[in-house]
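Two complexes are shown next, each including chain A; its partner changes from chain B in the first to chain C in the second.
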Partner chain A sequence: MNELRAKAKELLTNGTVKVVIGYIESTTPDRTKPFIARTAEDAEKLVFNKYCVNNLALYLTRKEFRRTGVVGIVAKGCDVKAIVQLIQENQVNKDDVYIIGMNCNGVVSELGQDFSAETIATKCLNCSVRTPLLYHTLLGTLEDLPKREDKNFVLMQKLDAMSAGERWDFWEDEFERCVKCYACRQACPLCYCERCIADKTVPRWIESSAHTRGNFSWNIIRAFHLAGRCIGCNECERACPAEIPLSLLNRKMGMVAKKEFDFVAGMGLDTPTLVGTYNLNDNEDFIK
Partner chain B sequence: MEEKIISLDNLSFFVNDLIKDNHIVIGQDSKEINWKRITGAKDIVVNSKNIPSNISYKEFVFAKTEPIIYYKNKKDEFDIVEPALPRQKLVFLGAKPCDARSIEIMSKVFNWDYKDKFFNERAEGSIVIGVACNYQDKFCFCTSVGLSPVTEKGSDLFLVPLDEKNFALQIVTERGKEFIQPYQKYLSDGNQAKSKEILSKIKNPEKRFETSKVSEWLTNNFEHKIFDNVGDICVGCGQCAFACPVCHCFDIVDEECDYSSGRRMKNWDACQFGLFTLHGSGHNPRETQGKRYRQRIAHKFKYYQDKFDEVLCTGCGRCSRGCPVGIDIAEVVAEINSLA
Partner chain C sequence: MEEEKQFEPKIAAFVCNWCTYTGADLAGTSRLKYSADIKMIRVPCTGRIDPVFLIKAFEKGADGVLISGCHPNDCHYNTGNFHARRRWILFRQLLDFVGIDSSRVHFSWVSASEGKKFVDVVTEVVNKVKEKGPFTRYAKINKEFVIHE
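On to the complex of A and B.
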């Protein structure tokens, strides 16, 4: 933690960056929250631990930071995937961001939990980017991760085995709780559209009502818009007050992208985006 | 106040009877996500120790989405049909003090100028069976907004857990008395001394701020930077407003059913959304998240107080527990209190 504070202080003092987006301790020690450090004094408050769940890449596309100059960001491996994807999608200029990469030893799935094998986030279980793929400075050391069964994957296999009707019933049950707060969208680093299709009213493509039709159209369209783009940080699922298992949709889409196009989002600055690429060799057998 | 005793078994029989008598009994979901309609004794969760659910029960009186008219477009005129609004006999079972007050508080705004019949039809016939609260974490601040874990305010009947198997049932209002009348067979005589002793042992959450002081500060510090500091990290997701037991903003939209007919819907909305105040001209009076956050605080701790003499907050802490970026409303208001 001291090396993080020292680094942030150094960057802010010598003018390398204008702000550092990082984490500070929140209401209880087992919670952190995002923080924008603007001065060396601010940098003294920064922390990094197993409760740093937020994907701070979310803040990079904010207008007020775009104008600031170089922005420093404290980022775990998965957060860096989001940054890479944002760079690839021309939303963030790669020279305008300074990544303080953190070697990551897993985070909790929800704020307010003790870190243990039970509570480690699903995305951490099979993480391949515990050391970020891209960084300007790398801090921290790797330790062994606690292990547990990937229940999310088991559930996904169960869903795959279901008939279309059964799957519909499953999602109808889940979406019924949706209150249309759009917290999933707001918490997503890749949902950066200035005007979301859900907010368009002339014509209204997606009904804003939280009834079955409105909830299905919103959640499924969001999943489609993230196909081949979602980097799997699961912030949508964490933000959802109704605890809808949105990661099942996004993870499935990610697996399809991998299987059909051998593509994983956010893995490198040299790989063009999936949706933005036309490739003659692409599999076409899904077009019927 | 009259006090009776009801055993856990009798509570199940009582709820079963209520359901048979066409009451709609609403209880907290066992997963602590939201509240749902209880279909039988197996669904009953009356637990003074559990955490407040992620989402409050307001959706049963103030629906998250509902049609307010149906329309059919004829050549030169419209046919308008009002939706049928059957009077529901709602019973909220196991509401903690921070939930129990919600209907009373919202009722002020829904009956101030226009009388909102959609709210009233449900709220007026509803019965709140409260329960003393034995849960407490760092996000609870009911004592700061004039409530407490043991207050019967807002409840018609109030349960106090005596031991593993028995509750004291306090009859708080006339309505509560009338409501419980047909079910006397499940009640036995109570001993006020015992429930008093149990209630006195429940610890209050720390009082974090003085609402009158906060309200006065807000009057004079409209442009203070504290709001922009929160706005810096707030992502405007609206989780806070949707989980809140007393946030009551809604949007009205028309939904087409086909080319000539449709329905007008009343849907939840939240002041944390940029679209909430966006004018047709493109101008947005609350264009930054900081200004939107200021609205949230000022509405809860000043405007509502000025207008209805009521704090628009019950101190349940749902907004803070659920905030994806860890904004703690009590912390913000306590900071305001220290500035005042």
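On to the complex of A and C.
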């Protein structure tokens, strides 16, 4: 923590970065919240621990940071994947971001609970980027991760074994609760469209009232717009007040992208985006 | 004796202006007959077909969807169908995962000179959707929610 503060202070004082986006302690020590450090004094408040769950890459595409100059960001491995994906999609200029990479020892799934094998976030269980792929400075040391069963994956297998009708019933139960608050969209670092298709009214493709029909189209389209782009930070699921297992949809699309195209989002600056490109030899055995 | 009502599927067909639509035109001018269960919607290119169109079609009561465009390398805009193909590979499996059986969604390449193929594709799609029966999932939801538009 001290090295993070020292580094942020150094960067802010010598003018390498204009701001550092990081975490500070919130109401209790087991809660953190995003914070934008602008001065060396601000940097003294920064923390990094197992309760730093937010994906701060979200802020990089915000208008206020577009012209700020170089933005420093405290990023875990998964957050760096989001940054890489944003750079790939030309939403963030590679030279305008200074990544303070953190070696990550897992985070909690929800704030306000102690970190343990029970409460570690699902995304951390099979994490391959505990040391970020891309960074300007790397801080922290790696420790062993607590292990538990990946319930999400078990559920996924259960769903895959079902018939289409049964799956519909499962999702109908889940989507029924959606209140169309769009928290999933707001929390997603890759949902950066200035005007979302859900907000378009002429024509209105996705019905705005919170009934199951519109909820289906919203959640399907949200998942599709993230296909081959979602980096699996699961912020959508964490933000969802209705506790819809949105990560299942994203994870499914991730698995399809891996299976069909051997593609994983956010893993390198030299791989082009999945749906922005095509291959002459793409599978077409389903086309007559 | 009550006459058994035969199921007439509603099938939305999104077809590209340059190949399949022209192919359908050729089928017409060649006096080839194809099912009237197909409701054709002309789009500039298969790349124009947003997956939300398919969902809308199902919401509005379609039992099946046909998507058809130019053969690979024949696209009027060079790459539209390649981009579309990649999206469909992903989208089909997403549809399956949320419980909309992707076997209700049919894809084909039909060029402007393939009037006969268009008729064959339509016949096959209509038969397959008839086999599957009506798509009742959205109908059930639609009944529960009266929506004024």
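Just so we're on the same page, the second predicted complex is superposed on the first by the 285 of 288 C-alpha atoms of A that agree within 3 Å, B and C clash if a C-alpha of one lies under 4 Å from a C-alpha of the other, contacts with A are read in each partner's own complex, and residues count from 1 in each chain.
The rule we apply is simple: a contact is a pair of C-beta atoms (placed from the backbone, for glycine too) under 8 Å apart; a residue touches a chain by one contact, two chains touch by 3 or more.
All figures in this text were calculated on a predicted structure; none of them were measured in a lab.
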Does the superposition put A:N152 against chain B (first), chain C (second), both, or neither?
neither
Mind working out whether A:E235 is in touch with chain B, chain C, both or neither, as first, second, both or neither?
first
Chain B versus chain C as contact partner of A:A223, first or second or both or neither
second
If you stack the two complexes on chain A, which partner ends up touching A:L111: first (chain B), second (chain C), both, or neither?
first
Touching A:Q85, do we find chain B (first), chain C (second), both, or neither?
neither
Let me test your reading of the model: by the given contact rule, A:E207 touches which partner, first (chain B), second (chain C), both or neither?
both
Find the residues of chain A that appear in the contact set with chain B and again in the contact set with chain C.
207, 209, 211
Which residues, counting only chain A, touch chain C once they are in their complex?
159, 164-172, 197, 205-207, 209, 211-213, 216-217, 219-221, 223-224, 227-228, 249, 252-253, 256-257, 260-261, 274-275, 277-280, 282-284, 286-288
Applying the document's contact rule, which stretches of chain C touch chain A when the two form their complex?
50-52, 55-56, 59, 72-73, 79, 82-83, 85-101, 106-109, 121, 124, 137-138, 141-142, 144-145, 147
Touching residues of chain B toward chain A in the complex: what are they?
31, 33-34, 54-55, 59, 64-65, 138-139, 232-233, 235-239, 241-243, 251, 253, 255, 265, 267-268, 270, 273, 275, 320-322, 324-328, 331
Give the list of chain A residues in touch with chain B in this complex.
26-28, 31-36, 54, 58-59, 111-112, 177, 179-183, 185-187, 199, 201, 204, 207-211, 214, 235, 238-239, 241-243
